Amino acid sequence: MNEKDIKKLLEAVRNKEMDINQAMKALEDLPFKDLGFAKIDNHREIRVGYPEVIYCAGKTTEQVKNIVAFMLTKNNNILGTRADEAMYLAVKEICPEVHYNPLGRTLTIRKKEECLTDSYIAIVSAGTSDLPVVEEAAETAALLGNRVEKIVDVGVAGIHRLFSKLDMIRGAKVVIVIAGMEGALASVIGGLVDKPVIAVPTSVGYGANFGGVSALLSMLNSCASGVSVVNIDNGFGAAYNASIINKL
Amino acid sequence: MNEKDIKKLLEAVRNKEMDINQAMKALEDLPFKDLGFAKIDNHREIRVGYPEVIYCAGKTTEQVKNIVAFMLTKNNNILGTRADEAMYLAVKEICPEVHYNPLGRTLTIRKKEECLTDSYIAIVSAGTSDLPVVEEAAETAALLGNRVEKIVDVGVAGIHRLFSKLDMIRGAKVVIVIAGMEGALASVIGGLVDKPVIAVPTSVGYGANFGGVSALLSMLNSCASGVSVVNIDNGFGAAYNASIINKL
Amino acid sequence: MNEKDIKKLLEAVRNKEMDINQAMKALEDLPFKDLGFAKIDNHREIRVGYPEVIYCAGKTTEQVKNIVAFMLTKNNNILGTRADEAMYLAVKEICPEVHYNPLGRTLTIRKKEECLTDSYIAIVSAGTSDLPVVEEAAETAALLGNRVEKIVDVGVAGIHRLFSKLDMIRGAKVVIVIAGMEGALASVIGGLVDKPVIAVPTSVGYGANFGGVSALLSMLNSCASGVSVVNIDNGFGAAYNASIINKL
Amino acid sequence: MNEKDIKKLLEAVRNKEMDINQAMKALEDLPFKDLGFAKIDNHREIRVGYPEVIYCAGKTTEQVKNIVAFMLTKNNNILGTRADEAMYLAVKEICPEVHYNPLGRTLTIRKKEECLTDSYIAIVSAGTSDLPVVEEAAETAALLGNRVEKIVDVGVAGIHRLFSKLDMIRGAKVVIVIAGMEGALASVIGGLVDKPVIAVPTSVGYGANFGGVSALLSMLNSCASGVSVVNIDNGFGAAYNASIINKL
Amino acid sequence: MNEKDIKKLLEAVRNKEMDINQAMKALEDLPFKDLGFAKIDNHREIRVGYPEVIYCAGKTTEQVKNIVAFMLTKNNNILGTRADEAMYLAVKEICPEVHYNPLGRTLTIRKKEECLTDSYIAIVSAGTSDLPVVEEAAETAALLGNRVEKIVDVGVAGIHRLFSKLDMIRGAKVVIVIAGMEGALASVIGGLVDKPVIAVPTSVGYGANFGGVSALLSMLNSCASGVSVVNIDNGFGAAYNASIINKL
Amino acid sequence: MNEKDIKKLLEAVRNKEMDINQAMKALEDLPFKDLGFAKIDNHREIRVGYPEVIYCAGKTTEQVKNIVAFMLTKNNNILGTRADEAMYLAVKEICPEVHYNPLGRTLTIRKKEECLTDSYIAIVSAGTSDLPVVEEAAETAALLGNRVEKIVDVGVAGIHRLFSKLDMIRGAKVVIVIAGMEGALASVIGGLVDKPVIAVPTSVGYGANFGGVSALLSMLNSCASGVSVVNIDNGFGAAYNASIINKL
Amino acid sequence: MNEKDIKKLLEAVRNKEMDINQAMKALEDLPFKDLGFAKIDNHREIRVGYPEVIYCAGKTTEQVKNIVAFMLTKNNNILGTRADEAMYLAVKEICPEVHYNPLGRTLTIRKKEECLTDSYIAIVSAGTSDLPVVEEAAETAALLGNRVEKIVDVGVAGIHRLFSKLDMIRGAKVVIVIAGMEGALASVIGGLVDKPVIAVPTSVGYGANFGGVSALLSMLNSCASGVSVVNIDNGFGAAYNASIINKL
Amino acid sequence: MNEKDIKKLLEAVRNKEMDINQAMKALEDLPFKDLGFAKIDNHREIRVGYPEVIYCAGKTTEQVKNIVAFMLTKNNNILGTRADEAMYLAVKEICPEVHYNPLGRTLTIRKKEECLTDSYIAIVSAGTSDLPVVEEAAETAALLGNRVEKIVDVGVAGIHRLFSKLDMIRGAKVVIVIAGMEGALASVIGGLVDKPVIAVPTSVGYGANFGGVSALLSMLNSCASGVSVVNIDNGFGAAYNASIINKL
């Protein structure tokens, strides 16, 4: 409801084409519309193919199942992150086509087939132990309708492995770098590509790794300029972010 | 130098159109080119209008002056960040047209006039004390050739100030959010726009702010999904990042 | 027992209206009374309806059961926080009417029915995973005789959800805000209401959340001025505090 | 502008007592009002005697002077916190009646004389070095119209000093406890009074005090239940909070 | 072996009352004796009644059993700290008179009955959850031959409980204060007694307690001057320390 | 004033040997005496030779001077810690015999000559940079009437230096160990003596020393059992503590 | 492939002794060789006896088994660190000669018998609880072909134990010091030997040990100059490092 | 003095070729010699050309001058680290040939010309701001008699700069890597060379760099195995360490 609509409404009132109660009802949710929340809703929840997201950790199996049951009524794609196997089995009872990625701990339900983007997101990771985060990011990006290329196990301890994949990384529209330990991979890639790099520190490592803090600080202090960072192990957030950029 | 080029070269050798020393010289810097370093160089240093950047903190006034002197020989735009006034005066001796932003602590030298992008970067900040970071980001983004809109002093303590500027924020292609204290602004904006949000925690605050840690952690843990984070007070990094995205 | 009382007592001794043993008994706990400890006791332990509180974590099931058994002799309301199910079952053996809230991990035994306050405490929370803390706070506040309104799942990522509940929040005499992750909800509400806001950071989140530290720091650094903070996940403390204020 | 106002407006339009442009103008800021922002404004800025607040740290003397100059046009009371002497002198040029508390680093300008509350706020502190925070709190509370009682230098190392002042502390409607070092005073008082206690950790101390962290953690972990906490050295915040409660 | 002993030995060699191999053997461990290590050994291991100590955490049940078996050959008292029940059962197989304190997690084997000191160590604690540390300290102090008085559950939230026990605390030669949460008890007692106070922070608490850090920092920053601190939950260390002082 | 005294007083009232006003005066400070606060006072403030202590940091020169002026009226010894030279000069104006130790930053005023203890406190330190803390401890211990032996510069990097002083260290009744960097000296001495060891971490060092944290943690985690710890750089606290033990 | 090789190749092409496709294939991985990656490979993977290393933590049993299966095809020695028993049993199925060290949690497969170095690595540790790290280091060093001497349980609390082993420690070419708690052993040894000392902090300890942080900081701040540090519990890294030095 | 020496001495006593007083004198410092302290001394202090080292920070100019004056009497090379210019000028008064490196803050006095090693130490650094640490390391290594090669400004943001210097780095016997910010250079070099790498984190950076912590954690968590770490900004320690290895 924009200025023109309000003017029209007032004219209708003046011309007595509309009675006052009707007018008041129309004005009732004006604030929300005017503030653009509907646009948000439009964008986030109503648009075809955009998934509903459930962060399953800290919820009971029962709660997850109920939330999915409710979401299924809206016929949207659904993504559950940090889901354990019991949650998967519970959801499967009410939605047999649910897909579970045990490494990435994601539940995905595809109600609508999204056509994929032409440009792709490169998901690059340092070591085998980072794979759960890679999978979470990949499942998220794919369900959001992005083409994805995974380039795994190219940590800087053997930098030639990275160089042999450089073309594929550079071809992406946006790059997600996933690394634990000292997280140096983000800086090295940041210095080699001219695309936005979203770095995901992982909690992989031990001792003075402090559950991912070493990689997190590394990435925040990256000497390469095009790097921004999301939370430790937050594959979902990185992919969501990358998807927004990839679809610009 | 790609596969085809190498093939052509080898054929020229076989046909004796090229002698072996010439061929060896041509092959000499193959590794670098093949690894794409030249592309990097191309992108970072040779392209018209792309600035050279000096991080002035931790350097002596003498060093800054010398680096600028060297850079001036290349006829590029130049950006100095975290520069104090003494550095400005020293640089001014060798380059009278240098511009100094005392709030943002930036030195800028424009050798080439870049045409600005159509799309713009919104730089949103919470309070007056965040202005130095705003200015650093704005100077950086502008020198990189981006159109910039600044929306300052819209912290969440008086959220109506934010809503009155929402249209301008939503109109941007990428949004930089700069906030200290609890940094809640990033989450609130992240929930209201569908564009990539780059959050910059600032060291503004006192006590348990710990030099920006509270805002940093806030932003990393943002419940809104489209938010990525750069280092504390890193206005330059945010703008550099935003510029890459804005020019995609 | 104030100065006047002592004087009267001494006069009674002089006049032999009171014998010396009686007088000594009356003076016996003078220090405590004079220092006001008795008032404290009065307030905390003797007043009808005020519950006895047991912090069950770090105690054995046996210990909890014994403490409850002892308290039951005093005929007061009883509250156990951080109680697991085994504790519930053990207490049930000696007090069948005990109520257990498995989400809030509270045991409640009502010996006296308190009449509720007219004014109410609003308990506002950001996400589903914060519910255990919400429940602990709600059970505590209710047993302390307060009317309570719960407004859950109104995190700032979708700020329109919050606005639709604003009237109910503003109608409260005191507001408890419970949020994990970046805890921005406290600042946003703090900027929208003119009532005391007690913020409870929760350990909900992952990575750089550090078990609630990110939300804790956020809330301590809130740019809204009417916000004070209790310990991470301390729903009980927030409700206790709110109850004192609500009953002023 | 409530429902009734809107109805009246629509009737005026229908009756042509008001033309459409006038009506649109009246409706223009409806969303803000309807969301209650005006109420906030009402409360925070327009109500007689409620001060405007400037956090001076991180601002230049120039900026502070300009902000005060603007505020003076609104004829409200003004409070500047964390102001240094230079700022005071600058403000004095444009407002000779400004009062400066050098210990509390506050600037106060009284345009309206508020009648004080009957109930009072007790401000209790542990040691001489906590006085700057005491003064900030006291100036804030007083300018907000509260009666204030200061009880200083009653740290727990000589607990009898505290007991001799207990009646005055207990007589307050709300108690602010300000302590550095180990901050034990908050717990001790929390166990002795039945009023809300707002604890302010101070950065007083050395070594493992870590700029107030030891007192902050102490207060957050207080074994006394009625204690809530504000940021380190945040005398202003505590007083603001206490004022809201004192005026309930 | 002192100077006189060496002289005597050399004379015996000269007089051929001792052959050279014998003399060399006697000189062999001279360095150790001369540096006083034997005195240490004397004190720590050989003196009747002084216990051998095993820190059981991080050792296997097998290792603990073997160490005890070896120690039993020396006929000394034995103390095992942080022992679980499996360790107890394993040790019981080879030493049926072993005593296990399940709360304090100590194993004690008494081979010699020590006569107790006249003066006593007061072990004061704040809450029920601190009891495991109290028990570890008490068992240690007792096995080291000290008279011990336990005063438990006198936390500062109800400070009158503490005052009613003050005489017993003041009667001790050295006081151990054990407290978690904010650890204020150490400061309060430190201000009330003129004996050395050894403070033991415990990991009791939650949230911003950080496993005992809040109490640790509190105690290190105690405003009372006679307080020194040992590691978190280190009941053994406090008792060992107190025993040295008690026996001075 | 014990039970018997009260009885006697009441009898005197009854027999009219004492009038009521006298009796009330006698009862007036009963609570304090009964709780033993007077004993404390007795010990801390009234006993001849016991110094009054001022922690000068965070106080103004004016405040320090005024406090000293007041204390001088009581004719006690006076100790000021963390005093700068300006404070010294200000105090000298009102008390010419004040002594200033610029390294230890202590002010000492001796009004009464204490006879020294027979037993002594050994103050052992690792390096030259720890001397300020050594001096603060030595001045404190001496003014409290203790014989002191300083053994400086015996850090573990050249452990033979330590061994050559071992007899003097072992001869003490209590040992203060002052060390920065990694603070290993406390553990080494703790393993070599059978006296109480009070460890003082210093902020000497750089980088990951974190202002004394590395030495603090070292000392708290000492593998030698007789070591307790005071705050970083807290030479005063260590000496105060040692004095209590030395005078047992 | 060096310059001479390239020249020869080009001559072969010119002389048509080699066709162009063959030449291109030979040039294909030129960049890698020229950058020396092949040398790395040579060193790390191809040299007889040099083991392949798998960090098993964070990998599934399945993954570990598959990686070993692949490595077995290359006929090299294999080392698995942080392996649990299930991994051992799984690997045993495909390689019966695998050796498992349950304390050190290492899997070792010897395909080639390395002749040992003449010089040896001394692995020195403080206490029994450090043995897992000792074993990891010892297994690593041995498989890398080094002679190893273990000197365990020589912590500084009983420093005479250390001195009796000093000759063996000094005889090494490089010394690994493994210690938890306060990690003082590294400094003491660093002051006694003139060989490189590699310090490994362990997570042994409790309370303010913070999972090895106290030992880590101690070692980084060592007052002895020849000490460098690896990550907490990183026995493998220390041994790898020591092996490089031992073989210089 | 070894076993054979002692035997010979005893025989001389027996044969009366040596009187007992002489023999006792010879045995007098046996412990020290036997424990090898003399060897240490030999190594550290007596050997020609080995420098005496003064850590000047935290010492007064006066103290530094006096220590140098004393050292000059021994005719050794002298190294002062963290020296400011005032110290330089003071030392120059008593030793005009002293050399001051203002960037590295080192004082060096060469009394003996050491012949340099054949092998060299490579000192590699990331950025211009790391130069002070580079200079400290280089001055130290040179004074200790090592050949040094500096390779500066080869941070990973432009990794081609590093590769062009790889041969020089690989030619060293030991490599020192000096980097601030995220310290990724250590990992990258660690993966490219087969020599021991000593990493020095620097405090260069801002925000979440936390004075060098980010680089420190990065280096401790390096995924490359041959990397060990010294304290933040500790160029001296790295060079000392490297010198020991270089001279093996």
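For reference, chains read A, B, C, D, E, F, G and H in written order, and residue numbers begin at 1 within each chain.
Everything that follows uses one rule, which is that a contact is a pair of C-beta atoms (placed from the backbone, for glycine too) under 8 Å apart; a residue touches a chain by one contact, two chains touch by 3 or more.
Computed from a predicted structure; not experimentally measured.
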| item | value |
| --- | --- |
| Chain pair among D-F, A-H or A-C whose interface repeats that of F-G, sharing over half of the contact pairs by residue number | A-H |
| Interface sides of chain D and chain F: same vs different residues, half threshold | different |
| For chain B paired with chain D, centre-to-centre distance based on mean C-alpha positions, whole Å | 39 |
| Residue list for chain E, restricted to those that touch at least two other chains | 31, 35, 40, 158-159, 191-192, 207-209, 213, 216, 220-221, 225, 231-232 |
| Listing of all chain pairs that touch each other, if any do | A-B, A-C, A-D, A-G, A-H, B-C, B-D, B-G, B-H, C-D, C-E, C-F, D-E, D-F, E-F, E-G, E-H, F-G, F-H, G-H |
| List of chain B residues in touch with chain H within their complex | 32, 35, 37, 40-41, 44, 55, 57-59, 63, 67, 82, 201, 203, 211-213, 216, 231-234 |
| Of chain D, residues touching chain A in the complex | 3, 6-7, 10-11, 13-14, 16, 20, 23-24, 27, 30-31, 34-35 |
| Touching residues (chain side chain A, partner chain H) in the complex | 126-127, 155-159, 181-184, 186-188, 190-192, 205, 207-210, 213-215, 217-225 |
| Residue ranges of chain D in contact with chain C within the complex | 35-36, 39-40, 43-44, 53, 163, 166-167, 170, 173, 191-192, 194-196, 198, 216, 220-221, 225-232, 236-238, 240-241, 244-245, 248 |
| Contact footprint of chain F on chain D as seen in their complex | 128-129, 158-160, 163, 204, 206-209 |
